[in-house]
Each structure stands twice: as structure tokens, then as C-alpha cells.
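Next up is a structure, given as C-alpha cells.
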């Protein structure tokens, strides 16, 4: 039956209204399906699952107590894995609480579900590294530069979540954050970035042929003095020697010879926010980390020179320093993106999410430059750091913090061995000579990782 | 054999079976002390099923009965929903209003099935609207929508809805009574309608009851669309753009100069104000998530403790106890009720526009309630027809359902001038 | 005993899902049954409408087609919005309206330019129509007549 036109018009409008409402219901269903886990995170009904390490050791247990666990069992991962108390943010548990819920829209809240996060961390190695710090504070982070799995992440002082924050007022500063994700002064490790800029500016042969003389103190053209840590001077050096000696006058003169734009270009590609440009934070698995920043104004200026040598305005997170090493170690110029969650399971225990190895979209420098820096760093490792006992390529750094009141010791680098492809960054705070060194910790860490 | 010659065995059986299955679900999953607690509910629901089927069979003279069965299905489901909030019991008050709604549905049907008759009474409708507006102005407390008579509170603005829908409905004859004012051909009736709408908007603004404003706006918008598009056949682009521009400007102005509490409500970030303005919505959303697709079980929820859990956020309460699927399906029943007139099409332009108005009012109410409580749109305190508790809204919804039914079983008799009153009396007597 | 039965039932895995699913299926089925019944009603309603409209239809003599009358108010004109549309230029855009009441059709002219004629007489007000009446809109003429009679012939 063909209905009368004037009636059909009314019907069409009616059906239009019904369709709009129906679409609205569709949006509602979509919203509920998508956001139900988020709503559940505000509910009292839901229980949380466990976090495991790569060897199925428990890293987080919502029902943990001193009766079921060793007193210091969680100490090394306290501020990395965290807990659900809400006292800490930017920890694995606090940022992924929705993934940990024993909940699915179909089954509702399931008290004894099998939801879990399987982390890439190696708890045993992590504990070993944590203990290796002894009485010193600092941070150590290491990851597999081929796959991106973060294997070790230690930040000391840490917090023992089994204490339930009963002593929160007595906790030392920095206990509740993982320092690997926050800014620190990079010190001479910044010279890697400066070397990369020099390689891109002059080319390998051009740079190799350049020599500068160090008399202990270099006076800039604005009549400012750049002191070397060896006031006797290093004499005339090329880049390899200057890098090994970490010679400040050498790099000051190198920076002076480079156009400012070239340095800014290389730094920007490496993810360093130069001169108040907006910094791209490093994001992975819900966590967010400072990347790096600096200020460069004039290559003949004292502050710019020091910024290129990791002092003055230069800041970087240990995570970022470690990531740069992956681009060098792989000799690809591409950063291997890090991840801390290997896979997650849902209430029924089936795998819901699986991490994949990904690389940064853009080269931070060309593959050629990467392999040239690798060579320089390897030589440095061979000649000065054979005590580590692995074929490492490294750059050390000593960062003056608190206006020179204390010095942090840094060591960044990579193990050039396809069977143990580890990139690392170790920071020991307020180190004085004679105490445990960064290379000792790296050695301990590589040994621990090699065993597993 | 019903009056139209069909047997409704299948319908009766499936309605009864669905209710029995739901009662069984309450028995098997519900929260109660002893199984006897379910008995009053079971007796009431099955009793209403059987009684209404008998009433339909012997007392109602109409051409279509499907809508009555859908209504019965929905109303008893609603009784079961309301009875189970926070523990199985029996919502006697809701049950009574449901029966009243069924009766009012029949009244609405009888009053509107003959469009020639109701059109001849349009002046009465205007008077009725005027009386309702005056009653709001004079009888309600200062700036509220409620009249309190002892234990009963009535919301007259609810009753304005079906009256307004009837005023909006039009026939072809009315549309051709036009006069030229300046450059436009305008019908006198259209002017009165617009006047009535402006008065209602003003009243709602004054009463600070902006929740039901969109309902009237929708009904008026549909009436306007019908009238505007009629002489042009196709939606003239200029007209549509012009009207939408004016509407957009009006809405923007309204939002700009809205009272502070309205603007606050429009910009609530509920998760940051979980203990404040966003409390109800947060609880509602959490409840939907907690229920999951299949619910916690009748009476096992916790949302009933939240204010307005049986009216404004009733959808979430149902979601929590019965599951998202059942809640969606109960909305589907409501939509099915509105789709029925689209299957069995009305035969007159008046009924078409009337059904359009009813659907607009019902859908907008549902939309405001459900999407509001789920934070898709600002939260307003309106009810879901038939599912929320509330006497005034139940009666109004019943009347609107009766109007939907009238479109399907119309009567085409022109009342003879002398017998007019007798016929009207007869119609009321049949109810 | 009932309590025991219930508690033993609750041990069944996915017990609550099962019950909810049954409820969901029943509600869905009842909605479908309603739609099915509505379609049956539609047929009955069609039969009744034919009774109400006295089986009348318009018969376009020049084109030799039957135009069914499916509503109780039918607008006739040249405009695209008209329910029955005659493209003849003598027909006004909105020419006339047909009504049915108590099984009797009547026609009203809408101030058309060329006028509406029933059996050759120009109409001024609403005029009742009988079977086989000739209606002329301008120069376009149609006949209203009973369908059944046509079948009998």
C-alpha cells in the first residue's frame, strides 16, 4: 500500500526522530563498552590482579602483607611498579589500574579473576642492582636495545609499599618517584649529542682531522674561562682522544667552530627541547617521562658551551639518555621505543594485549653517524672501562648539582654483544671518589642479566 | 475473538511468559529473605496481566490491540523493576499509578480517536492549557512546578504536554485557512500555537524547570516542520536554513543568558566533582559498569541509596540490577510502542501530526533522562515514560500512549450537530 | 527445600548469565511477536478502511487509471506536495480537498482559479459525492466510483 504523501511526511519525521534516538543509544552503548573499565576504577566492588616480572615473580600483589612476603621483597620496585594506594602517580600500577581490574563488561566484577600485567622487568637483576648501590642513592635503568624491553629500573631511595606509608613523613626526598623518568643534569654524557652534531656538521673525516689544544683552561673570546678537570691540560687531541679524556676545552673549541643552527638541528631531532620549545614527553605504557631540554644562544658563549657539555642549562632524564644509546648501539640512528608491559591478561586469563617492538618514527641522526659514534664510544669503553668485563661502549659524566655542592656520577652506554644487547644509564648521586663507581654497578647489572 | 476479529493468543501468552520468566529470574537471582517475599509482586503482576487481557477482550472496542499488549508488557516489567530496587518487595504506589496510566491510556484513546470531534473542541484545549498555566502560577509554591495536596504532589506542567501535543496536531483543512500578513501566509491557528509555546517557555523559565523545556520545544519544532514543509512539499533549503539559524541563535542566546545554576550544570566535569555536582551521574555510570551486561541480580544493587534512583537515574539502577542488556531491551519496548503506528499507519493527517508530537515528546524525555544520566548531555531531572516512578509523568505517558493508539484505530464519523454531546458522553462511558 | 535447590543452582557456572540471557531472549521475542501481530492487524485495518471509505476510488478517465483513496483527507492539486497530483495546467497548485465521514465522501474547493465542478456544477462549499459522480478540476475530469462494482462489471 502506498500511503498518502501528506501522511508519509509526518511518518518520515517520526522515523527520523526514532533513528536519531537509536543512534544516540548506539553512542551510549559504545561509550559504556569503551569506558566501563574507567568507571570501575571508581568503584569499591572491584579487585585488582597481580603484576608479574618476566620470570613470573610477583611485583605487585593487592593483598600483599609482611606475612606473605619477605620484608624487603618489593623495596627495589617500590617507586617503579608502585601500588593502588593513590600515594604515587606515574608508576606502572597507578597508571594502568584499569588494566589490572578483575572486571569485564560481560561478567561484571569477578573477585577471583585472572587479570594480570606481565612486566618486562627482571626482578632478580633489579634487586641485585638495588643492593649494589649500597648506601648511595641514584638510579639505574637498562633495556634491551633490540626489543625495547625495560629489564632493570631502580630508583633509590625507594619506598617499601609493605609499610603502608605509615612513615610517609620520614621518607627521604625523592622516595616516591622513579628518578629515571625525571630530569637530571647529564654532565659530560651530553658530549655524545655534541659529537653527533659535530659529525653531522663536519663529516667523519673532517672531524677526525680537527685537533684542538687543551692547556687546562680555555678562554673564550668573551674572556670567559672554561676549566678542564685536569688543570695540567691534555695537550693536542683529536676527537677520539678528546672524547676519551672528556676534555672541556676541546669541546668548547669544537662547539665554537660549529654553526649554532647545526647543533640546534641535531639536538631537536634527538628530542631535546632547545630554548623553551615545547618538550615532547616520553610516553609508554601510561607512564610519562621527562625527555631533555637545554638553552643555546651563541656558540662562543660560556653558557652555551657548558650546555653542550651537559652543565649550565642542560637537563635530561636517564631514560632519555638510555634511549639515545639504542640508536647508537643498533647503528641505525633510530630509537627503540621502550616498554614495561610485556602482555596483559583479562579476567578469564586469556591474553588481551601484547607488546610489540617499535622504533622511533624519525632517525635522530643518520645510521652513518650512529655507527661512527658507536666506534668512538666502543674505543672509549675498550681503553678505559675494560674493568666492566663486557664489550661496552660508554660515556661517563660528572654532573655538578646544587650549585656545585655535590657531584653526580653518570655512566651511559651499551653492551655491544648480540647475546646481551643492553643499553643502560646509571646515576650515582653525590659520589665522592673511593666509593662504588658507576662502572661497578654496570658490571654487576650485566652479570645479573647475563645469568638469566 | 477480540472485537476486530483477531485472536491474540500469541500476544497474551508471550506477555505472560515473559513476566513469569522475569519473576523466576527474581526468584533465582534476587535478594530476599524468604521466597514468600516475591509472592505479592507475582500475584500483582500476573493478576494485572490476566485482568487486562480480559478487559481488552470484552470491554475495549478498537481495531488494534497490539499497543495495549506492548503497554501491558512494559508496565509490568516496570513494576518488577521498581519493586526490586535495593531488595525484592512490592512497589504498591508505582503499581497503582501504573493501573491509573492504563486507564488514562484508554481515556486518551477515546478522546482522540475521532479527529473531527477533537478538532472541533480545540478551543477547550486552549482553555485547558490556560487553566494549567494559571494553576502553576497561582497554586504552586514560589517558583516551583509542584502542587502539594496532602500527601500527593502533582506536577501540572506534565499535563501540559499531551494538551500541547494536541494543540500542535493539525489537519489539512486547518492549514489552508491562511491570511497574508506582510509577506507571509500565516494561519491564525499557527499564531496562537506560537503564542502558547512562548507562554510555556516563559513559564518554564520563570519556574526554573528547564528540564521539560526541550520536550515542548521538540513538539513545537515538529509541528512547525509539518506546517512549514506542507505548502512547499520538499523541505525548502532557504526555509530550513533560516529556521535552523534562528533556532541556533535562540539556543545560543538562551545559553548565554541562562541563570547561573543552568550554566554550572552545562559545564560539569563530573569526575572532578564526584562528591559535588557530579555525584549522581558518577554513581550512575559506575553502577552501569558494575552491573555489566547481565547485572548483579534483582535487588542486589547499591545505587538505590542515591537520590532519585527510581526517577532521574532509573536507567542506571536497572542496568545495575538487571544488566545493560535488559535495560536496553526495556527501552526497545518503548521504541517498539512508538514504531507500531508506523506499521499500522494512520489514515488522517491530524493523527499523523499527533503521533509525531507524541513520539517527539516521549523520545525527548527518554533521551534527556538516559543520555543525561550517562553524561552524554547535561543532566536534567526528567523521567523515562512508564519506567520512572511518578504519578504525573505516568498519567501523562499513559495519555500519550492512548494518542498513539488512536492513530491506529481511528473513527471516521462526523458528529451530527445535535447528537454531538450524546456521542461524547457515550465515549466517556465506554472508558 | 527450595533454599537448598536455589543454593545448589547457584553453583552452576555462568548461572546468572544464563538467567539474564533467558530474560533478554524472552523480551526480544515478545517484541517480535508484537510486530508480527501488528502486521496482521494491518490487513484487518485495510479491510476496515475499505468499508469506511465505501470502497470508493477515483477513476482517471483520460489516463484510464484507478487512484485509490487511502486517507480521510486528500489534497488534490498540481503541486508536488499534493496527495493526488494532476500535472494539467488548468489545475491549481492546491485545488481541492476530498473528505470522508460516515462512509460518505465530500469535496471542498480551495479557492482554485479554474474552479471545481461536480457533475458540471461549480461548487462553492463542501459538497457530498455519490457513486459515479463526475468531478472536474479545471479541465481535468475524474469519476468517483465504487471499486467492487467495477470488479463486478
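Should a chain be cited, it is by its letter among A, B and C, assigned in written order, with residues numbered from 1 in that chain.
One rule holds in what follows: contacts are C-beta pairs under 8 Å (C-beta built on N, C-alpha and C of every residue); 3 or more make two chains touch, one makes a residue touch a chain.
By chain, UniProt protein names: A = Penicillin-binding protein, transpeptidase domain protein; B = Probable peptidoglycan glycosyltransferase FtsW; C = FHA domain protein.
Since this is a predicted model, take the numbers as computed values, not measurements.
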Problem set entry | Chain whose mean Cα position lies farthest from chain A | C
Exercise. For which chain is the distance between its Cα centroid and the global protein Cα centroid smallest?
Worked result: B
For this session: Please state whether B-C or A-C has more C-beta contact pairs across its interface.
Result: B-C
Seminar exercise, completed: chain A to chain B, mean C-alpha position gap in Å, rounds to 58
Exercise. Once you find the CA centre of chain B and the CA centre of chain C (FHA domain protein), what distance in Å lies between them?
Worked result: 26
Seminar exercise, completed: Between the Cα centroids of chain A and chain C (FHA domain protein) the separation in whole angstrom comes to 73
Exercise. If you look at chain A, which of its residues touch at least two other chains?
Worked result: 3, 6-7, 106-107
Problem set entry | Contacts with two or more other chains, residues of chain C (FHA domain protein) listed in rising order | 17, 70-71, 73, 75, 81
For this session: Can you tell me which residues of chain B touch two or more of the remaining chains?
Result: 172, 230, 293-295, 339, 347-349
For this session: Could you please specify the touching residues of chain C (FHA domain protein) with respect to chain B in the complex?
Result: 2-3, 6, 9, 15-17, 19-24, 26-31, 33-42, 44-45, 48-49, 52, 70-73, 75, 79-81, 94, 97, 100-102, 108, 110
Problem set entry | Contacting residues of chain A [partner chain C (FHA domain protein), same complex] | 1-7, 106-107
For this session: Over in the complex, which chain B residues touch chain C (FHA domain protein)? Could you list them?
Result: 4-6, 8, 10-11, 14-15, 17-18, 21-22, 24-25, 27-29, 35, 63-66, 69-70, 73, 77, 116, 171-173, 176, 230-234, 293-295, 297, 322-323, 325-326, 329-330, 332-333, 336, 339-340, 343-344, 347-350, 408-410, 412-414
For this session: Going by the contact rule at the top, pick out the chain A residues touching chain B in the complex.
Result: 3, 6-7, 9-11, 13-15, 17-18, 20-22, 24-25, 27-29, 31-32, 35-37, 39-40, 42-43, 45, 103-109
For this session: Sort out for me which residues of chain B touch chain A in the complex.
Result: 172, 218, 222, 225-226, 229-230, 271, 274, 282, 285-286, 288-296, 324, 328, 331, 335, 338-339, 341-342, 345-349, 352-353, 355-356, 359-360, 363, 366-367, 370-371, 374, 376
